[in-house]
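In what comes next, chain A is part of two complexes: it sits with chain B in the first one and with chain C in the second one.
Right, the complex of A and B next:
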């Protein structure tokens, strides 16, 4: 299988002497047409990894190739072949949905004869056609998320990076996004890189997963293989076994102080 | 379409969002307005003023003060055009937008150029109006066509340079400050601090100190030499030279050589700023983390222990300290205090005060401290309804919030009022310690009344955002109230001390009434 994303000891350190290792020697391969999930607790380095792979920030050491383009030397091409849905996205709230998609299309060089039709199709797909001329400031969180996914798709990139794609959505919108991701992978042959800490979403959608903790990739494989490696029945238990968590007996320890009353 | 043009169009769309219905006709309307302003109103005003002050104008342009004054006036505009984009950007310091640009195949220099070109149409209106008015006043002096064209070019180059610098600084600050909460807080604090130097300059011109310095042959040269550092001064020099040459029949020696040097310098400066912007754009639009150091709270020191004691210790003392900490750890709040104190100092320095009796020495404080009280108290609702609901949920929470906020605001304003009062009163001739104590006490009573009035007002008419425009609505009400009460008191009682006592009584009545109504409203807010 063709490798579309390949990282080579990719690292990003912060602080004096690089004591904060946001991403530490990440070696990873993502294949064409695959849906890959990067799992990890908050602050594990998922978003930093996505930012590095999209050339938003530069690595401290190591590099990566995205569809054959090096993230250090060929950033404009990397950006052209990827679509990104960020975790805390910037939206121009004073633009209408149509205007925002038009702007994003122009930024990604979508030809002018194709752009209007594509916007209409995407708005239809995401059920926002009737609200196309409303300003984004009046949209609900879920609607904004749908517009952002549409904007990530506007230039029809072969690789999609989705950072927490369903975390702000209601169950119906989340289901729509999940179905869309599945369709994009199966029917349109897209390579999808999902970052999330919502385990069922990753379990449901991803062909393979990687677990990142404190910047290091600590597990890699299919969901079943990771469960097997950790000898756990569920991905949740496997995840906790790998990344750590609070022990059950500690949960009510705060009540054990005697002689005090509220 | 070029990328910078895409970004410029987008920026223009956002800026003209509030007039989207007439956006299509906006350029035509703007041009018509400018034709009216520059082609009709400006020459009309210039003609009218010349009719009244013809000799004074001629005398001014041949005087020693002309060059320095023009330098300062142009510098003020130059400074405003730099700070306006910075201040607009700092109102909402967020970097999420940068992620859009940085993840797209766009060069940072295109983003900067696009942002600049996007805001330019709106600034162009201001540039055209200022240029038009200045030119309209200079033409009647007998300035020729070529000179007029050069003057227009001077204005355009000076202001375009300023806007470009402002756009660049705004991008850098946003990128640096928007990545951390502390940075965002500093971003909100900066706009108020930035305007203080220009206010100082205005007060210096209005209050007479600077005008006198410019008219004095000894100091005028020094001011001009200092001002020549700024490119705005080079253009101001050209205008003054042209005006001088037109009025003075002998002419100005080496006029065109000086004009060439100054204008050439201005062109080089403009090109230099463009080059610099292109070079540093990638640093201006960056999401690389600057710092991973999170702010850490220190253990309570003497100050907070004292505040806790003032609050009577126990749970109310803890509540008071918590409110104080949240208030004091925001640069935004501190900047408001610095701004008001700065105003107080500037007014005292440049306008002086009547120090014949203690009451009149404190008059300025009667107008400035209500302003400070409103700024300090305004914090009560700006964190949103949810922060108020915390108190609503707690048993007896509303009453405790009002009490704690009242006490906390007084603790912030009192020391400033005391220092101001003592410094103002000790300069009064034949003042006694008793007078100082009485008048300081009276000022503190007035300040307390205004704190209560402001708190009541903000609870009655809550401002749930930290947008300055909304906050200023309530601040203006407090200000106007202080002026009205002052006038009423001094009309009713002629004696200074008596009217000051009446002023205090009215402010206290208003404070009590508004505080009661505000507290009632607090339990109704939904």
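Right, the complex of A and C next:
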């Protein structure tokens, strides 16, 4: 299998003397055509990893290659082969959906004879044709999310990064986005890299997952293999076991304490 | 390539949010009102007065406009749209700079035209007010350039809109007076070209600083 993303001891430290290890010596490979999920609790370093891989920030040490382009040297090339939905992205609210896609496409130099057709295709795929000429300021959250994913696909990149694509959506909108992602992976053959802490989404969509905690990769493999490694029945239990989260018993311990002190 | 795209997009944004109308109608109207209120300006032609007024009024407008717009877009994560795409960060700032500068300059030209028309209508001889006014207008333009650059720098560096506006009121005016005052301080005879050059140089320094800060900002 062809490796599309390969990180080499990728690290990003913040704070005085680099005490906050947002991403710490990450070694990871993502293969062509797979949907890869990066899981981790809040603050684990998922967003930082995605920002590093998309050349928005520079690593403290280590590097990565995205379709053969080094993130340190070829940032413009990397950006041309990736599409990214960021965690809480802004929008040009004063543009219509069509104008927005047109603008984003122009930024990638999508040829003018291809762009209109591609915009139509994306609007159709994302069910936004009827609202194409409405200003984005009137869009609902779910619709904004769809237009943002569409804009990440406007230059037809082989790799799509999605940072928490469903965490702010209601169940229906989340389902729609989930189906879309599946369609992109299966029909369009995209390689997809999803970050999330919503386990069912990841479990359903991803061929392989990596679990990251405090910047370090602590598990890697298919969902089944990770369950097996941790001898748990659900991904949730495995996740808690691996990331060292609190158990139910610990969560309830305050009751006992109160009970005894009263 | 992306620079012209971003520039057009900025102008479109100003147009759609009706900022252009307020500037292009508003500035001449305010200037005219100002004149009506202070009727007795002595021998100074109205157009010359306008040129001076424009530098401070238009300048403050320009720097507030650009600061607010940059801080808002930073807070609203709008720049993420560009950072994930093959766009140079400096192009974002330069496009915004020129969009605001062009808008405000057009407003200034409109106001000045009205001033000329007024002076002409009230019987002034054109050559009398043309000469001095044009010079002071060029200096006003170079002050506007500095003001706008101050706005970019503060917009990039300031943590909030309010802090940005406060900084402009504290520092913007003083800084943009540089091209006006320095030649006077040094008592040079060639006041006009020196003021102009100083304006351009200050602008370039400020914009370069802004670009450096913007490139280094952790996002």
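Just so we're on the same page, the second predicted complex is superposed on the first by the 248 of 262 C-alpha atoms of A that agree within 3 Å, B and C clash if a C-alpha of one lies under 4 Å from a C-alpha of the other, contacts with A are read in each partner's own complex, and residues count from 1 in each chain.
Quick note on the criterion: a contact is a pair of C-beta atoms (placed from the backbone, for glycine too) under 8 Å apart; a residue touches a chain by one contact, two chains touch by 3 or more.
These figures come from a predicted structure and were not determined experimentally.
Q: Looking at the overlay on chain A, is there a clash between chain B and chain C, or do the two fit?
A: They clash: once the shared chain is superposed, the two partners overlap in space.
Q: Let me test your reading of the model: by the given contact rule, A:15 touches which partner, first (chain B), second (chain C), both or neither?
A: first
Q: Between chain B (first) and chain C (second), which does A:58 come into contact with in this model arrangement: first, second, both, or neither?
A: First partner only.
Q: Contacts for A:84 in the overlay, against chain B (first) and chain C (second): which applies, first, second, both or neither?
A: Once the two structures are laid over each other on A, A:84 reaches both partners.
Q: Which parts of chain A are in contact with chain B and also with chain C?
A: On chain A, the residues that contact chain B in one structure and chain C in the other are 14, 51, 54, 56-57, 76, 79-80, 82, 84, 86, 88-92, 94-95, 103-104, 106-109.
Q: For chain A, which residues are in contact with chain C within the complex?
A: Per the touch definition, chain A meets chain C at residues 14, 51, 54, 56-57, 76, 79-80, 82-84, 86, 88-92, 94-95, 103-104, 106-109, 151-152.
Q: In their shared complex, at which residues does chain A touch chain B?
A: 14-15, 20, 51, 54-58, 76-77, 79-80, 82, 84, 86, 88-92, 94-95, 99, 103-104, 106-109, 112, 135
Q: Would you tell me which residues of chain C are touching chain A in their complex?
A: For this pair, the touching residues of chain C are 1-2, 5, 9, 12-13, 16-17, 73, 76-87, 218-219.
Q: Which residues, counting only chain B, touch chain A once they are in their complex?
A: Residue positions touching the partner: 1, 3, 6-7, 9-10, 13-14, 17, 94-107, 286-289, 292.
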